[in-house]
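Structures incoming, each one as structure tokens.
Both of the next two complexes hold chain A, though its partner changes from chain B to chain C.
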Partner chain A sequence: MKELNVPALARVEGDGGITVTLDGKKVKSVTLDVHEGPRLIEQLVRGMKPEDDVNVVPRICAICTLSHKFAAIRGMEKALDITPPEKADLTRELMMLGENIESNSLHTMLLALPDFLGYPSAVAMLNDYTDDVKRALKLKKFGNHIMEVTSGRIVHGENPIIGGFGKYPGKKALEEIKAKSHEMIPDAARVVELFASLEIPKYADVDSDKVFMSVSAPKKKFHLYGDEILVSNGKDFPADDYKKFTNERVVPHSFAKRSKYNDKTFMVGANARLINMGKRLDGHAADLFKEHFDKRWLRNPLYNNLAQAIEIVWAMESLPDACDKVASMDDPPTEQPMRKTGSGTGAVEAPRGTLYHHYELKDGLVDVADIITPTAQNLDDIEMHMKLAAERMLAEGKKDDEVRLGLEMIARAYDPCISCATHLVTLKRF
Partner chain B sequence: MTKSSPKIGVYGFTGCAGDQLMILNCEDQIVDLFGATEIRSFVMAKSDNHEGELDVALVEGSISTEEQLKHLKEIRERSKILIAIGTCACWGGPQAMKLGDGKYEDRYKKVYGNAKITISKAFEAQPLDAFVKVDMKIPGCPIDKQEFLKSVSKLVAGKHPYLLKSPVCLECKWKENRCILLDGKFCAGPLTKGGCGAVCPSHNLPCVGCWGPTDDLNVSAEYNLLKEKGYDPEEIITKIRKFGGSGVVELVKDLEKKGAKK
Partner chain C sequence: MHKLRHAPGDPEEVLKAALEGVAGPGPVYVLGLGYADKADDGAGVLVAETLKKPFPNHSFSEHDGVEGTVLDISEKEGPATVFFVDATDIRDAPGTIMVVPREGIKETEISTHRVPVALMASILGREGKGTAVVCVQVKSLEFRGGLSPEVSTAVELLVRVFGDIMGRRDE
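Up next, the complex of A and B:
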């Protein structure tokens, strides 16, 4: 038997690899191996006060830090029967826009793009694509800045708390973000233009009944949180029912757990959000979505990069209104818990897909914590795609290095966050 | 790139990758950083990685599998200087908050059941210096951009970096914040390494201790103060251990010997 390895999957967050095992010419299996060590966070937070939990859980992942913070706060507020003040809701929306811009520009331009253009890294692209690399850094920095203004720090800001914020962002900082967002819309649009101009390789044909899941944002808006989950087959269900499809199970090659929907793999992420909520977009983002969305998105995960690029435009265009609304309101007092025992589920769209934090509280302490990350939901789908792709590439007589690159590109397209999933290519030929 | 550019490797183990992300977050300096040094390995940022002799290894994360332990020892062998970056590498991080309580196996089983995971054997997370010699610790959750860049610049120039030695309280005083402990609220400032700019107290919030223990910390003074203010002993200890990892294990044991939790 022969094995083809990608021992350490580069340009992703966390420690993973890919193993393809071949029996003669047949692909026996393709696995996304999660080497990242287990942390058992859900067990460690048991017995903690809600406020301590929301300090700890964002540390699951640095790139999705505010998504974890927000999902935890949402879960806790439901469990404690807290209705957050309107200004808190709006400031949270603003911080999510910042994280979306930061993470999407990092992933599309600095981590994924080098594959398409044949470079080992974004830094290596610098001489040939100076403007685009600098633009990516500028966008990313702006996203980070919004995260800092709203959450207190670029990474792991503690300012968002249960019931509100420690300190609401000041008017001057909001004015500056608003002014800058106008300036940067062309930069965001350039990312879309760039990805739309690339030839997107198609490595596999997947079932046409494949489903995509995302939240349905409140008030029929396009946004990054919600209490209802949309499935691309037209079904929807309350976020509280998340366990019905994220029936997690353990596999031998990974410290990350796995999920399926109706016994089939599914995908979450920017493309799922656009497939499910793209019609709700307005402005230039709506035009770009109409121009670039087509059926190929449903069969090829690599279009997730283009979807992320369109989201950067959406987020950029959403900033002025978001800043105005926050600036126009007085700072409300922090809302206090109405009960000590209860349960709640917070669903949030992290840049790489739907993230659930479910808590059960007893006498003011965490009794049960259940955290389902987007990458954990995507892992089965990534493996399914990679297997189909490996079969096709080997049938076409592709060299091992080409197979490796193809599989890495598929894995990276999902923007996997392996630290999050814990709890990626080795090709084995038999 | 000149021959004398220091060879640097950036590695990540169990944690959130936030310290590596902070290096990528140096948007204005990253191009110069890649220019002034020879980044031989940085898996999170690039594909062309070469594993060989290094002048400086920057290592993030705690160690929680046999595979990682083997890799860490191998990095140590080929690096002149090994620097732990971030709270997880320095103290074990939140995953080490119950270090040594003897209940790790129970927690592991509750998450993974009896399912067999063959990829590597896991154990309770510990900081790097539990296994190898660590030449320097740059604390932070995540590390601070400026402190990191200053340290690397010094190293590139062949000098020894200087890190802030005081607790969060010093920076908090500089910012003229009102002391949160005066209001009877738990604040980990006196116990926690400074360098973050007292960011949480500056947002009217208590320090959560995420940079890990400061030098010569006085745990019992904080404990007694909060107990006087009416805090539940168990809650005080949970809060001290939240990010304290290996740095507070013995101190908390001493407290418990003296009758804490009762």
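Up next, the complex of A and C:
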């Protein structure tokens, strides 16, 4: 028996590794091992007031901080029977666009791209791709700026609150974002151009179409939140039924929970969003999706990088209208709870996929909290693709280093956030 | 490459001379890194936030966005030097300061949450800007722990020394 290890998976967030166990030339198993310690957040917030919970739970992640904030607020507002003002909804959409630009530009250009171009890292790319590396940082900076304007800070902003916003962004700041977004559309389009020009390795292709899940955004729009969940097999479910289609379970080699739908792995993320809602896109993003989408997207997770790139264009094109709408409205008062006991599920699309926050409140305090992150939903799918790819690459006589890189590229394509996915404690009693 | 080690109690002038020696022509910028809620990890941020009051255009912290700040500085005309100030574990006495010039900044992997200083330094270097990392040896990383006395002294020292260097270049 031989083991082929990637002890520390680089260019992802958190502490994880890949173990491939070989029996002769046969791949016995491939595991994405999550070593990151458990966070205990769901237990930590029990007994808290809703307004405290929504300040604590975004600390799960410093990059998807606004997705966690938004999912928690949505879950809490349902539990408290609050309908947020329209201006709050629109400002939340705006902040999610900023987070999407920030995260997708970092992942595509600085984390995923070096593998495809044959560089060990973005630092090594700098000499040959100076403008592109700087472009990635400019896009990230702009995304951060939108997050700061809407939420109050670059990381862990506290402006979004249950029932509205502490302070709405001012007209001058919105005008600046609008102007800058026009200016940066070519930068976003360049990211698509780069990823569309790459040859996507076939070793990760599965033989039949995979299952992809995402929210269905309201009003048949393409956006990053919704109360319905779309499955690429044509089915849809209310987000409140998330347990039925995520089916969480534990595995011995990982601190993160796992999910399967109808006993099959599934994928969430940018490609799932485009596969399920791509027809709702408009503008240049729609043209790019039509031009670059093909059936291999349904079989190979490496296309998630290109999907993220197209989303950057979508987000950039969505900003002017979003800014205009927010700027045109007066600041509404914060909506107050209609009840103290109830339950609610908030589903949003974090950059790396669907994120659920479910709360049950009793007499105004958190009784139950359940958070299911995108990475936890993707882990089984990552392992399935890595096993298939390892078998193919070894059968083709690839060297160990090539197999390692191939498997890392697959894991990285999911843009996994291992820190977010670890909230499980296995207690063994002897 | 010559790293400078400044132990607690060493003469202030030695540190000042070393930083002056690393800084090339043009303005000096301080960019403080770290997490202020984790005791000594916030040393870099505290240095930068304190210097921001007298030097709002030359001192920045993690709160201002690291990549954006670096891009802005890289686009300014003329030479300049950026000092990244960060709490680190250099296996030395708490409060010890180490100045690591550009050529000693090791490349670390980029992660979803972190763009390495090496990439920032490379971008600045391509635009003719010098860089160095100023490391402060931590004692405690306890959450909400507050600065240790040793690191607090190092922070005050760095504020004085950088304040003096930046003040003279600002004149």
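A few remarks follow.
Criterion: the second predicted complex is superposed on the first by the 420 of 430 C-alpha atoms of A that agree within 3 Å, B and C clash if a C-alpha of one lies under 4 Å from a C-alpha of the other, contacts with A are read in each partner's own complex, and residues count from 1 in each chain.
Everything that follows uses one rule, which is that a contact is a pair of C-beta atoms (placed from the backbone, for glycine too) under 8 Å apart; a residue touches a chain by one contact, two chains touch by 3 or more.
Quick caveat, the model's predicted, so the values are computed rather than measured.
Judged by the touch definition given at the top, the superposed model places A:His107 against chain C, while chain B stays out of reach.
In the superposition on chain A, A:Ala395 makes contact with neither chain B nor chain C. Once chain A of one complex is fitted onto chain A of the other, the partner contacts of A:His156 are limited to chain B, with no touch recorded for chain C. By the document's definition of touching, of the two partners only chain C reaches A:Asp415; chain B does not. Touch counts on chain A: comparing chain C and chain B, the chain ahead is B. Once the two complexes are overlaid on the shared chain, A:Val368 sits clear of chain B and of chain C alike.
By the touch criterion defined above, A:Ile60 reaches chain B but does not reach chain C. Contacts of A:His145 after superposition on the shared chain: chain C is touched, whereas chain B is not. Looking at the shared chain after the overlay, A:Asp52 reaches chain B, while chain C stays out of its contact range. By the touch criterion stated above, A:Leu137 is placed in contact with chain B and with chain C alike.
Counting contacts as defined above, chain A residues 10-13, 62-63, 106, 110, 121-124, 126, 137-138, 140-141, 144, 153-154 meet chain B in one complex and chain C in the other. By the touch criterion given at the top, residues 8-15, 33-44, 47-49, 52, 55-56, 59-63, 65, 106, 110, 114, 120-124, 126, 137-138, 140-141, 144, 152-159, 161, 165-167, 249-255, 419, 422-423 of chain A touch chain B in their complex. Partner chain C is touched in their complex by these residues of chain A: 10-13, 62-63, 103, 106-107, 110-111, 121-124, 126, 130, 133-134, 137-138, 140-141, 144-145, 148, 153-154, 415, 417.
Residues 63, 65, 67-68, 70-71, 74, 107, 109-113, 115-116, 118-119, 122-123, 126 of chain C are the ones that touch chain A when the two sit in their complex.
Chain B makes touch with chain A in their complex at residues 12-19, 21-22, 24-25, 27-28, 30-31, 34, 43-49, 62-65, 67-68, 93-95, 97-98, 104, 107-108, 110-113, 115-120, 122, 125, 141-142, 145, 196, 199-200, 202-205, 208, 210, 235, 238-239, 242.
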